[in-house]
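In what comes next, chain A is part of two complexes: it sits with chain B in the first one and with chain C in the second one.
Here is the complex of A and B:
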């Protein structure tokens, strides 16, 4: 099963690459605007041999990691607080629902005004976008606590902290992990977008320079890199999720198949 | 599993701590040590700002006691707020944007010339191009057609309107759309737009794909048009007049140097842009005169006023050095 998946995945990728090579070669789109895969691969090879590329990659990953960490910490804290303190959730519900749909990129002028084109303006956008993913999942997770389990824990005399640890946390964790996985992807998108639009150092800024310079293959090579990053981050997030939830039936079920 | 979570939590806390700890005093970002003042300059990574990079490399700014920290930003939208909030001490912006900002009460002060047209029709760093087989031969033919500019209600649509006017057409019949410079060649080629006001290197790319230039819109406004300038905030200019003076003097020298050494300009472009090597020698470089041409700016102001760019007439005495 696993082998078949691997083969299918590789075959799908091969077909995708072949189409990418053939479409410009056949003249369906102009090579000048969409270079064939082999040209992009050549540009990618030139990119990875440039130390500035690795600095940019480091900048992007820093923005992503710090932003995600802040969002996870903030989302967890706020989420638990909102659900544990009575009436707080009801009081904040409308504000949360008002702030949540605001696209993070709409805050770019604010970010530039406050922090210029530094890492901190990237962080502002990343944290704003990723925070809600975590918060909402925490809220749902806490809501999912089985009242019977909660009542049982109470009647066994478990204190608030113990109930958070043994009842609330195991119930909410699968939700939180989903939130982290979503937030990890969103954080990457936002850090690259922020760099692209604001010009903060990183892969996004490098893409922007390639665009304004009419260096089309280099631009696509960098876009490929961001795609690969997203892939790796997703795989990583899934691994963390699987390990943290090894006891949960959703993961145990996966193993049994 | 508990250890893993503890590890994640500790990591998150550490990162939070570093993120908070690294925030420095935002009130004054320019720092001086040993008589050298470091200033941040918000620039767009394009041909226009080559004199700064070249001047820095040739030690012109160092000689004046300045060290430039170039911060590439994406267009004036990021640079103007960055300068006003002193994230950058200086910035690069086109003349129309500066006048629009000034008329809106944004405290900007132009310091020194940025870039000017070559003044030669058909051989400028920006031009109005159409698709080769479109049958459009003059700016007048663009009536009823779709023309792309990088920003609506700014320098490029205003100058294109002047080209249409000069060719005897009615500029109000031209439909303008907003497309980034780098996407203009492809949009033109696919027929999505009929014309585009492109600047280098997109202009050369478009021409190499068969596009034809029908007007040099900057030249049509004035053959000495000051297209862009370096600017600072009114507050910074007031508090640091000596730094502004040094920046002005050094930039003038750098502009003159760049103007006289086009080969070195093409060379320095490889350090901060990714312009392909085969495109580099074909680029039309702009002019970098040390002085601004006030007459041309007045013409641009009047044209902009006609197009409704400003909320009130820009005060050039307050804006220009």
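Here is the complex of A and C:
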């Protein structure tokens, strides 16, 4: 079954690439705006042999990783704090619901005003977008604590800190993992957007340069790179999730007893 | 050892107050095995939660060894009915049993010895590395019992621990509780809604009334200390005792209907 899925997936991709090659060659779309796959592949090969490309990739990944790390740390801390301190969650709920839907890209002017094209501009946008993903998941996860597990822990004399560590944290972990996976995807989108719009160094800025200098195949090649990056991030996040949650129902599946 | 004096618990809901436990007084002597039995929804769980310090009573008090219980006391272990939720699925069996000992600040070797000994005595010596969800229901409840044993409690509270396992497993677990009680000299308070189980297990049976709860009757089970599933249950004395308890529970139900129509507390207890 798994083998078959693999074959089908490869076949689907091959067809997609073949269509991408054939459509511009047959003149169905203008080759100048939509170059065939082989041309894009050639541009991609030129890109990866250019050191400047690797610098740009490094810049994008730095913005992504640092932003994500800050958002995860902040989201976790805030989430646990809001849940553990009585009344704090109720008091902040309306503010959170107001701030959360603000699209991070709406903060671009603010970021430019504050930091110009520095890395900090990217970080501001990335952290703002990813933080809420983590916070909301932590809040849900903490609510999911089983009253029986909690009563068990209390009856065996576990104090507040011990209960956070041994009951609350493992209960919230599956939610946190989902939050991190979503935040990782959002962080990549925002770091590329920030580079593209603000001009902070990175893949986004390189795409913008390719576009303005009419290097259409290069532009597509860079877009492909960002797609691959997103794919890798998702696969990586899922692997981490599976390892950390081997005990969880969603991972262990049905166990025969 | 364990004294319950004038215990009363009233739940203050939105717009309505429910008196779950009205006035309960009874005691359990050191080394005794007492079964609490009562009709469905009679506040058994509320009572146990008050006794274990998980819930603050509205009135009256619970004394353990002469000291008033205000929070979970270190000398008391609790076995819950919902073993699947009481054991932590993210920890292996051995870690589950060990966790309360870590909180006691015990040295590693001592913890290991206690965990091994407890798992051994419930017949799960080789399951320490498994996860709870890899075990059957009966085995999971054995793990929960092992966790309680390793805690070295003076008093073991068991809240309908075998209500969710099949009949054969239940018989095995009943014999396990009898054996552990005799071997270890722990004081056991066993709550059940099963009359046969109460008579088979207990040295004494306390029958509770329907909610709001009072003690309906206490009776001594004068069956031999050596009990087994085949012979004990067919003894004429066993039949007499179970009939007596059954009558009392029926009386308790009738009493509640005439005293408090509408059976308050029904929404509080989840039996």
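Here is the rule we go by: the second predicted complex is superposed on the first by the 253 of 257 C-alpha atoms of A that agree within 3 Å, B and C clash if a C-alpha of one lies under 4 Å from a C-alpha of the other, contacts with A are read in each partner's own complex, and residues count from 1 in each chain.
Note that in this section a contact is a pair of C-beta atoms (placed from the backbone, for glycine too) under 8 Å apart; a residue touches a chain by one contact, two chains touch by 3 or more.
All values reported here derive from a predicted model rather than from experimental measurement.
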Please tell me, clash or fit, for chain B and chain C sharing chain A in the overlay. fit
Classify the contacts of A:170 with the two partner chains as first (chain B alone), second (chain C alone), both, or neither. second
Partner chain in contact with A:130 - chain B first, chain C second, else both or neither: neither
For the three-chain arrangement built by superposition, which of chain B and chain C touches the greater number of chain A residues? B
With the two complexes superposed on chain A, say which partner A:152 touches: chain B (first), chain C (second), both, or neither. second
Pick one for A:187: touches chain B only (first), chain C only (second), both, or neither. neither
Please give the nearest C-alpha separation between chain B and chain C in the three-chain superposition, to the whole Å. 11
Both chain B and chain C contact which residues of chain A? 247
Please output the residues of chain C touching chain A within their complex, sorted ascending. 49, 52-54, 72, 74, 76-78, 80, 82, 85-86, 88-91, 99-100, 103-104, 131, 133-136, 147, 151
Sites on chain A touched by chain C in the complex: 146, 148-149, 151-152, 154-159, 162, 166-167, 170, 173, 247-249, 252, 255, 257
Which residues of chain A touch chain B in their complex? 30, 32-33, 65-66, 69-70, 72-73, 108-109, 112-118, 120, 123, 196-199, 205, 208-215, 218, 240, 243-244, 246-247
Touching chain A in the complex, chain B uses residues 1, 4-5, 8, 11-13, 15-16, 18-19, 23, 40, 42, 44-46, 71-74, 77-78, 81-82, 84-85, 87-88, 180-182, 185-186, 189, 201-202, 204-205, 209, 272-276, 279
